[in-house]
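Below you'll find the structure I mean.
Letters are used for the chains, namely A, B, C and D, taken in the order the chains are written, and counting of residues starts over at 1 for each.
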Amino acid sequence: MTLKAYVALHGRQFGTLFGLIVLCAVMWILTPHFLTVSNLLNVAEQTAIIAIIAAGMTFVIITAGIDLSVGSVLAFSGVVLASLLQKGVPLVPALAIGIGVGFFTGVLNGLLITIGRLPPFIATLGMMSVARGAALLYTGGRPISGFSDSFRYLATGKPLGIPMPVLAMLAIFFMAYFLLTKTKLGRYTYAIGGNEEATILSGVNVRLYKTLIYGICGGLAGLAATILTARLNSAQPIAGMNYELDAIAATVIGGTSLMGGEGHVFGTLIGALIIGVLRNGLTLLNISSFAQQIIIGLVIIVAVLLDMALKKSRR
Amino acid sequence: MTLKAYVALHGRQFGTLFGLIVLCAVMWILTPHFLTVSNLLNVAEQTAIIAIIAAGMTFVIITAGIDLSVGSVLAFSGVVLASLLQKGVPLVPALAIGIGVGFFTGVLNGLLITIGRLPPFIATLGMMSVARGAALLYTGGRPISGFSDSFRYLATGKPLGIPMPVLAMLAIFFMAYFLLTKTKLGRYTYAIGGNEEATILSGVNVRLYKTLIYGICGGLAGLAATILTARLNSAQPIAGMNYELDAIAATVIGGTSLMGGEGHVFGTLIGALIIGVLRNGLTLLNISSFAQQIIIGLVIIVAVLLDMALKKSRR
Amino acid sequence: RNQATSDGRPTIALVVKTLNNPFFNDMQKGAEEAAKSLNVHLLVQAAEREVDVEKQMQIIENLIESKVSALCITPSGSKEIIPAIVKANKAGIPVVILDTRVNPEALAAANGKIAAFIGSDNLEGGRLAGELMVRTLGGKGKVAILEGIPGHETGDSRLKGFRQAVAGSPGIQIVSSQTANWERDQGYTVFQNMLQAHPDIQGLFACSDLMALGAVEAIRAAGKTGKITVIGFDAFSEAREAVRKGEMTATVAQFPADMGKIGVESAARLLKGERIQEEVTVKIQLITRDNLNSNKP
Amino acid sequence: MENNLALQMRAIRKTFPGVVALNNVDFDLRRGEVHILLGENGAGKSTLMKILSGAYQKDSGKILLNNREIEIKNPRHSCELGIGIIYQELNLVPHLSAAENIFLGREPAAFGLIDKKRMNQSAQRLLAGLGMDFDPQRLVRELSIAEQQMVEIAKAISLDARILIMDEPTSALTEREIKELFARIRLLKSDGVSIIYISHRMEELFEIGDRVTVLRDGNWVGTHNIAEVTKPELIRMMVNRELTQQFPKIKAPRGREVLRVEGLSRNDALTRISFSLYEGEILGISGLLGSGRTELARAIFGLDKIDAGSIQVKGRLQKITSPRQAINLGFGFLTEDRKTQGLVLPLSVQENICLPSVERFSRFGVVSNSEETEAAGRFLKDLRIKATGLGQRVIYLSGGNQQKVVLSKWLCSNGNILIFDEPTRGIDVGSKAEIYQLMNQLTAAGTAILMISSDLPEILGMSDRILVMHQGRINGEFSAADATQEQILHCALGEAA
């Protein structure tokens, strides 16, 4: 493929990337603290948790679904993991169970949607409430704190100077990219979102794949829980509130359509970074959290408005 | 229409009503405090605010849209109204402006969706953040409290022994029912949700009507703000958080499909009452808020699961 | 080593839990006054939501990046904030903790250091409220509690103090204890429902004034104003007004403005290389109708 | 004899709420034959085929494949059994490429990794075999309906099925593609593939069919060798009454000019189009797929922006920018795709029919139910729409009956310049004749009709004048009285008229 054809095909992602670059340039002009290696790593690290959740959300949204439960699932996975660690369960099995809890909650979402025929919004809205309640009940509302250094290394480690959460984020995005573009699972993800009925009639086991996709989304929320717990050295039952909104925003800013059938996972990464850079830059500029909310809301709106305008002009 | 035909046509609503009755019966068995006139009025009063918002949400959801901004819009309308009242603006103009602020924010949502071609989820997600930030910025984060008795009568008054919020709720639902079933606006609401393109091709000014519908939804959030402010004798910039989720849940439990094109506003009222009765009953039973969250999540899931099963069996 | 602002003044950052709560607004005001009189530059930041400790940690990280001279923090989580404190330690930025205590064992385990803690004793406040409740009810009666969000150090201490104080009086029966999530409208609804289940409730302790004020409206709606002993916490101006009108019996005053002021003063003195007191207990006081006017915040 | 049967369906019964779609229907299929399935709209043809493809489950009855009884559980199962189907309604994923659609669910892959190159090459070959030369990497949503239909056909063929079901594959095709398709069908037949073919175009049956089975109201009426029956006989079996004329054209007196289009251009799609339309006239527009006929209709109706040119309506220059405005000027536009553009599927028959006319039936914004019922009821009767009542949701109607609802919608709105884009697509002969009668009545009353159609006999049979489009231009004009199919086809292929 020629470069030009490539740009034409992925124009949307370049648009988002361009937006990110402009944003960075503006921050660089406004504050000297922004463009330093340590601050950029800081931004990447802060973005990692939302970005990892958003990677899973991208799969779900491409199928024309949505997952509102990720924040609660994160909390639930986190407290389960933390309680296991505190009971002395070794690291690897504890991690496997913690992430597994996320995966299975996701699968449960998937089953409600495929077998129970619930709209994803409703199934995951219900699960959001149930998983949050479960996390609170499990812990009696109290955080679980204090872990071994080997566990904390998952968030505090810096092999080659790069924070672990950033490495995890990059690994997840390359895997997600591979899954979405090269494999059957990816193809069916797009097909289900584009026309579910036609996909069923083509003989694809849509129930299986959809369930799996919600499982992946839940599993990534579990992974995010691991990093968050290690980072805060504490698992809170009230962690992750409203993360679903940030993850959805990152996905949509990154060019994935809520109508399903289209989207790119690297766009999502850029979307998450845009939100991260904004939050970071606005704090560096000492803009109040009130004004930050307004600005972030406007950025979501303007990003997608521009996207729509571009799409229209390209047709 | 014969009774039988009527029941067949509105079977879905009777199903929800039946659910509400069963729930009430269970509560009645479990606690003697539930089935008293004063408690039932309490439930109705507590439900009124969410129900009024959900009435507007029903219009929006029938058009296959969604409005995530209602909670924030409520807060913003509330603080504007409160600041006007405190500045000595007379009741009627202050109310008009307060509700008007909600209406115009809704119209802004509508314009972003129709002219800007944003998906409703995104437009209102952005607005959710912007309106919340605006409410906080406007007040510096502080509540505005203390109003005249004439204003407070809007929440505390009990003409004929029925609390004002309940009267307002009933009035709104009858109006909404009339609008949806008897008028052009209602017909177009369903048509837009059923097939927007076909509706445009039929010569309907879809942009106008959609914008109006989001305006109505915002205006009802403004009305809810009035009642909430009068009820608490205080307008808070952080009021109404997560109300959108309750309103959506009420609408969907009431049988309105998120896919658009179908729905009944009285179903929504019943849906809101189900949530209200649950919250009330569980508190009467002194069930912890953790368990309450789990139960409410399960009720949302089970209600819609039953609905889907019924629909399937009816085809 | 620490970067000063362009005009040469040091920069002190105050990171509160949230700015949409009058308590922290007052703290901000006290801090601003101190900053002005000491001629230091003050930044005030907060997360959108009071319990969002991850956001608070990000804000602190960002402030460390922007090389502030000192940090004053009211932790959103008393253990969760420790990694952020450690980061500040590593960057050589002194940390002063306000209002909510950091868990000392966890801090020690993480090798973290704080320069000072400035706050009031929430446990003591809860105890004061409990004792007043016992006294007002004559040692006998049904009492309800509105809790804050569970797992919150401040709320938990207040609750614990209150329960300890009433535990000694077997005549006091706690009939219902539910969270209203620090929110005014939930305070209204939850207490309305409690009244329904227990119409003979004689006392209410709310872990914050916001919830208490919501409950006051529920009491008014039930026509029971003045018949129920309502004790809140924080002593907002609105709550004081309610005490004056007899709608509330008392509220436990903390003095957030003092905390803000002392916090900034301590940080400024640290930056000048002076030694400071490692623990300052800001007074805590029951505000009743009797001492209402003698104790402005 | 028995072992020559690829498939037998015995006493198949299927009900939907309030409808018996199939009532003990028998059907059998020989190896290597093209078996035509014929019947009015709603007779149950598609339902029978969907049972075979696993999309629906039968209530009772038996299915024997190669003399072995089987239960078809789902679409995947049916695929595995060697049954391929082209559904009546397009079933493609618009966001995927043609190649990806063709191989959806059967991607050439190793270890879950898709071999894109091989897939695109195979798709290219398949499409070429159908005379299509577009790039298989193009997204389906960018293809015209006809091209999409060819993708569906390629997809079904690629299954290497032993039994191939085609449910109205030609309703969106023009003569050229139909020829290619038939050539392909003959090839498959010679390989021993059995084909079930459904169409409402009677000419096709005799060209391609071996045997024919007729259904009526869910009942089996008869099975015959094509060679032994005549068209009128078949029609009688289908509709249970005599149909005198297939194209009952009555020429109406030509009145004044109601529409004058001059030099209309839009992007690359339309170039300097000029023509006039008169009261009482049916102006047919013919052309190959993608020749720009639909684009022209959309431009006139105010849906797409015009770059140059003018439109005069009843002598007055108009700038039409929205359908609303077009409707107010007396236009009506029956679109070619009823599912996505014509109908609001969850709404009732009445609500759909009255949608463009709600304004007329309301006072102060309140809609009069009785007026609506009266108006819609008339069309239900006049057009013999097969529905349980005005309140039935159109989603439950058969394709042909849905088309009649769309038609009623524009008749109800009292338009006097009607644009019909493929008005009888998927409509049975009986109903077609009714629709033609209706067009006669309309023109007699002075209505002007612009009829876009890919059905040449229809164009010739019903038009007064015929415009032929080629690559966005008008390449020729004919008087229907003296034009022939060959002339029009040549003109459509781009040769000078």
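Definition applied: a residue touches a chain if its C-beta (ideal position, glycine included) is under 8 Å from a C-beta of that chain, and two chains touch if they have at least 3 such contacts.
Just so it is clear, the structure is predicted and the values come from calculations on it, not from any experiment.
Listed by label, the chains that touch subunit A and also subunit C are B.
Two chains share more touching C-beta pairs than any other pair, namely A-B.
Chain geometry summary: the mean Cα position of subunit A and that of subunit D are 44 Å apart.
Subunit A and subunit B have CA centres that are 30 Å apart. Subunit C and subunit D have centres, each the mean of its CA atoms, that are 71 Å apart.
One finds 34 Å separating the Cα centroids of subunit B and subunit C. Subunit B has residues 132, 136, 141, 288-289 in contact with two or more other chains. In subunit C, the positions touching at least two other chains are 18-20, 48. For subunit D, the set of residues touching two or more other chains is empty. Contact between chains, using the touch rule, shows up for A-B, A-C, A-D, B-C, B-D.
The residues of subunit B lying in touch with subunit A in their complex are 66, 112, 116-119, 121-123, 125-134, 136-137, 141, 245, 248-249, 252, 257-259, 288-298, 300-301, 304-305, 308, 312. Residue ranges on subunit A touching subunit C, taken from their complex, read 31, 33, 36, 38-39, 42, 45-46, 49, 136, 139-143, 145-146, 156, 228, 231-234, 236-239, 241-242, 279-280, 283-284, 286, 288-290, 292-293.
Partner subunit B is touched in their complex by these residues of subunit D: 16-17, 301, 303, 322-324, 326-328, 333, 335, 340-347, 351, 355-356, 358-359, 362, 365-367, 391, 409, 413.
The part of subunit D that touches subunit A in the complex is made up of residues 53, 55, 75-76, 79-80, 87, 91-96, 100-101, 104-107, 109, 112-114, 155. Subunit A makes touch with subunit D in their complex at residues 182-185, 187, 190-191, 193-195, 197-205, 261-262.
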